[in-house]
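What follows is subunit A paired twice: with subunit B in the first complex and subunit C in the second.
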Partner chain A sequence: MTTDDFKGIKARLGDISRRDFMRYCSIMAGALGLSTGLAPRIAQAIADPKRRPPVIWLHGQECTGCTETLLRPSHPSLDSLILDIISLDYHETLCAGAGQQAEASLAQSMRENAGKYVLIIEGAIPVKDNGIYCKIGGKTFLSLVEEVAAQAGAIIAIGSCAAWGGIPSAHPNPTGATSAPEVLKGKTVVTLPGCPPNPYNLLSTVVHVLSFGKLPKLDSLGRPTFAYGRLIHENCERRPHFDAGRFAEKFGDEGHRLGYCLYKLGCKGPVTHANCPEIQFNDLGGGTWPVGTGHPCFGCAEKGVGFTIPMFTQVEVLSPTPFARQAPIIPERPVPVSPITAALAGGALGLAIGASAVALRKLKDSPDDPDHPVKED
Partner chain B sequence: MAKRITIDPITRIEGHLRIDCEIEGGKVTNAWSSGQMWRGIELILQGRDPREAWIFAQRICGV
Partner chain C sequence: MEVPLNAQYIRNMMMGAHLIHDHIVHFYHLSALDWVDLVSALKADAKAASSLAQKLSPWERNSVTEFKAAQERLRALVNSGQLGVYASGYWGHPAMKLSPEVNLLAATHYLQALEYQREINKVVAILGSKTPHIQNLAVGGVANPINPESQSTLSIEKLLHVKELIDKVGDFVENVYLIDVAAVGAFYADWTKYGAGVTNYLSVPDMPLDTKGEVFELPGGYIPGGDLGKFKPIKGFRDEMFRTSIKESIKHAWYNGDWDRHPWEEETVPKYTDFQENGKYSWVKSPTFGGQPAQVGPLANVLCMYAAGHQPTVKYANRALELVSSLAGVKVGIEALHSTIGRHAARAVRCATLYQSLKRQWQLLMDNLAKGDYQTYNQPVFPKGVQQGFGFHEAPRGTLSHWVVIEDGKIKNYQAIVPSTWNAAPRNDKDALGPYESALIGTPVADPEKPLEVLRTVHSFDPCLACAIHLLDREKHEIKRLKVL
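And then the complex of A and B:
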């Protein structure tokens, strides 16, 4: 990327050095599972303002948490980068106009960018009773999604609600909440589940499209494999404790305080596909994701797990540790502390304190050091 | 004769809100606000383990 190209980036993104920007593009390439040698191509795509795809963002049965996760990261350039590489034509939470003005900008973008715009759906689609449980501008969300999707160049379902139904679809699913892929059968829908989803996965998907002109590789559920190809359990920072048989048995016990594996507390990491342990949340450094804070994963990203299997129910482990069969393992567990051993330890501590008190007295009784005479007050 | 104005959607908020106003002689004489989306979280919460109620209740609003 030339210095002139970078001047354009700097004008748009504010105070960012060329080095930081290129490093960012390399991280992006890595996050996408690509060679960092492709970073210049990514940088070029981001730098070119002509490539900004028009985006129409629709809200259905949602809590706006997906939008919040996009806007809240403390990283100085993530939200500006996302909002800068796309042209956000319609977004209810961010629209300047309301009512008819907002609806007019939606109609205009659909007319001018037919076949080219990216449709991002946040929230589930209620289909019961002809979709009356969510209406925008007098239209049902169901009819709006079908109408906007018909002319879309690409469709992304962000968050668990849009990707597989999420909370609104939880038993007894009072409104017939349905995912975008189910409503738009026959169309390719990229799904980015998570409650909230990680904003970097949206950014990476958009950057992939801009840089290479095609969607990233998707699995059978529409999830990009760079982000959802592995189970949380496979990359969990507490996996060594699982393999060694060190578990927190209940909240606040010694194992919990020592950061042991949370599997026995109902962690759904072994059955949930997501990259939470690798990229974490909020740019706050190590440990800022549920397991890192000491709470079991509840499987928010996985259909049939999040909001479905009760939080404290243990799950079957899908990826057992091969080493356990190949090598002898001596599980190292904390020695249980019985009341008797605690009393003995207390007694020993009492003895030690007594002994040191005696030693201090002896020190005081010893002859004065001639080099350091003790002054009398 | 009162004039009626409907603003739907109300933007820059979380959720789906609609405002209807009745205007007479340049003044608002009556107004209605209505939530245009319902998920039934009250029904979804029934019968669940109370220890996991927060997972659902917390997500009523994500802002």
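And then the complex of A and C:
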């Protein structure tokens, strides 16, 4: 990036140092699952003085939580997103005007940017009774989605409602709430399920498109693999407790207060694809996500799980990896760690496995109580 | 059943932090541009704007540097030719009255406020796992374990982070938000005459302080006809007046039939007819309290707390009114709050009051933990047979109540009466107007093509939904549609 490029960025992003800007680009590359070596390319895309890409955002059957979630990130913040990165030409919650003035903005952007704008759909689309259960400006949401999607350059369905139906589609689905991919059959729709999805999943998708000129790799349901490629269970910080058979049985019990696995409380991490444990929420880290707090995942991002299987009902582990079956219970006991034992651990691996196999056999009948440590031979 | 004290305090803190966030965002990001002209801010003398701001408040970020930076960002946006969400704004509208300097002051705070709403949201997320859509509530308490001997719980580090964030945002609320609202209110003092609408006010007590939910940090109640002297308190979850006074009518709503029922007796069977001027014209049912429409929201809440003598409310309300009076050069009293601009003022007063409550709840939690009480959850026992119940909460937009009938452990009927249902209600069974409808009567409209004044009044309620207002010119038979977003 040339010095002139960076001057342009400074003019647009305000008081930001070159180092901070490059770090932000590296974080963005990391969030996308890319090598941080690609940060300069991302920087270039953001620095490009050309027009900001136009985005049209439609709201259907939703609670605006997906929009609300965009208020939370810091890299970039909402103001940077809409002032510096994209041109949010239509958004019902955020546009300064209303009624005919807002609708004129929508029409103008569609006309000027036909084939180029990004359409973001928030909310399910009611199709029963010709779509009368959601109307905007006299039009059904169904007809609006079809009209705006026809000339969109890319389509993103944000949130579980738009991605697979979400809450409005829950049984008995009185309005025929339907997902964007089902309504827009034959079109590529990027889906970002979650209630709401992590805002960085949207931001990363948008920046991926801007930087590389193409959509990120998607799975068969339209989900970017950088965010939905693995089960929550596979990257959960409490996974070792699952493998060791240490579970919380109810809120506030000893296991819950020791940070054990929440599987028996009905955690849906084993059947839900999302990156919650990796990137967590609200820029906090330190276990700021449901399982980190002590609440089981309820599978908000996964069709057929969230708003479908009761919150505290146990699920079968999807595609178990070795150890992913309930292991015999191994209560915790203090293990003194010294530099010598740590160094020995590597060399004495075979012996260690043998020893724990013996311990396992003996533990089968012992009570699940960490206050009663196992007797050593 | 009882809820452990720690769980009450944790819930109360999430509630308080969420409300503060919501009020900041409503004022700066969802309604300020009804009053503030962003394009006019480009013409401002940043130095003069900064010095005005410094006269009004000791806040450290009212510097010339901050004001200039905000102005440059706006200029870059306008120069880019891509105004995005700002393209449809009412820049240069005859109802816009602020000077370029005041517009720049508000625009700078508009951008800065984005940071502070993000910070206070972190309080919600630390306790509630994430926001929006918290995940830590449990029937009988919260899912946050507390154990000072373990790593994976609500640790002291997290609680210290919460405290830091509360104080940081509290400073913004007291020294920026409350003052900006008073200033905008003073410059638009004529708006104290418009938009009162329904002056029956309903709010509920909130932030329970005991395990049984009988003592509350914040009082609530009912004020009929705007007369604070007739305030009747709502005492708690067993309050008979609250339980028996609410009904909902579907005479003008798109549901099957025509009835006026208590929520436990209701049903929700849609029947869409399209817009019928004298028939059904809304998806919103029409709730009443003691047979009357009622206004809910921060104004109702602040008036009830004021009438109940809640000291932090009285203090902040008086502080705001004194500032308005000194800026406007006339004595402005509590009666000015029955208005469009009064709803904004009350929201800021409530926000400052909530900052005090939030600090207090944090201290109560720490004090209780110091006693060695780490309990956060009681296992619920669901009784057999038919059970009727309700819960309430004073939400950002006002009184929220959920009504449920449970039969042998299964939900038989569930009705939620959300705040915007009260305020956006269509006419009721006796054809009395709801709060939005009645507040619009008498609103001056300078330009019927761009009825900004209508937006001001409807936005002042903080609608939770997009709604439509149809402007009808009976002589020209021309219908304008105004979507309030």
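Note that in this section the second predicted complex is superposed on the first by the 308 of 377 C-alpha atoms of A that agree within 3 Å, B and C clash if a C-alpha of one lies under 4 Å from a C-alpha of the other, contacts with A are read in each partner's own complex, and residues count from 1 in each chain.
Everything below uses one rule, namely that a contact is a pair of C-beta atoms (placed from the backbone, for glycine too) under 8 Å apart; a residue touches a chain by one contact, two chains touch by 3 or more.
The structure displayed is predicted, hence computed values, not measured ones.
Asker: Would you check which partner chain A:281 touches, where first means subunit B only, second means subunit C only, and both and neither mean what they say?
Answerer: In the superposed model, A:281 contacts subunit C only, not subunit B.
Asker: Applying the touch criterion given at the start, work out whether A:129 contacts subunit B, subunit C, both or neither, answering first, second, both or neither.
Answerer: second
Asker: Does the superposition put A:23 against subunit B (first), subunit C (second), both, or neither?
Answerer: neither
Asker: With both complexes superposed on chain A, which partner does A:68 reach: first (subunit B), second (subunit C), both or neither?
Answerer: Touch partners of A:68: subunit B and subunit C.
Asker: Tell me which of subunit B and subunit C touches more residues of subunit A.
Answerer: More residues of subunit A are touched by C.
Asker: For A:307 in the superposed arrangement: first (subunit B), second (subunit C), both or neither?
Answerer: In the superposition, A:307 contacts subunit B only.
Asker: Report for A:195: first if it touches subunit B alone, second if subunit C alone, otherwise both or neither.
Answerer: After superposition on chain A, A:195 lies in contact with both partners, subunit B and subunit C.
Asker: For A:251 in the superposed arrangement: first (subunit B), second (subunit C), both or neither?
Answerer: second
Asker: According to the stated criteria, A:94 is in contact with first (subunit B), second (subunit C), both, or neither; which is it?
Answerer: Both partners.
Asker: After lining up the shared chain so the two structures overlap, which partner does A:217 touch, if you call subunit B first and subunit C second: first, second, both or neither?
Answerer: It touches nothing on subunit B or subunit C.
Asker: For subunit A, which residues belong to both interfaces, subunit B and subunit C?
Answerer: In the superposed arrangement, which is not itself an observed complex, subunit A uses residues 59, 65, 68, 92-99, 102-103, 133, 136-138, 174-175, 195-196, 298 for both subunit B and subunit C.
Asker: So in the complex, which bits of subunit A are touching subunit B?
Answerer: Against subunit B, the touching part of subunit A is residues 59-68, 92-99, 102-103, 126, 133-138, 141, 167-168, 170-175, 177, 195-196, 298, 307, 310-312.
Asker: Which bits of subunit C are touching subunit A when the two form their complex?
Answerer: 25, 29-30, 33, 38, 69, 72-73, 76-77, 80, 82, 84-90, 111, 114-115, 117-118, 121-122, 124-133, 135-136, 138, 140-147, 150-154, 157-158, 161, 270, 272, 374-377, 379, 449-450, 455, 466, 468, 480-485
Asker: Considering only the defined contacts, which subunit A positions touch subunit C in the complex?
Answerer: 11-12, 14-15, 51-52, 54, 59, 65, 68-69, 71-72, 74, 77-79, 82-83, 86-105, 108, 129, 132-133, 136-138, 174-175, 195-196, 238, 250-252, 256-259, 280-284, 286-290, 292-295, 298, 300
Asker: Hey, which residues of subunit B end up touching subunit A in the complex?
Answerer: It is residues 6-16, 18, 36-41, 43-44, 48-49, 51-52, 55-56, 59-63 of subunit B that touch subunit A.
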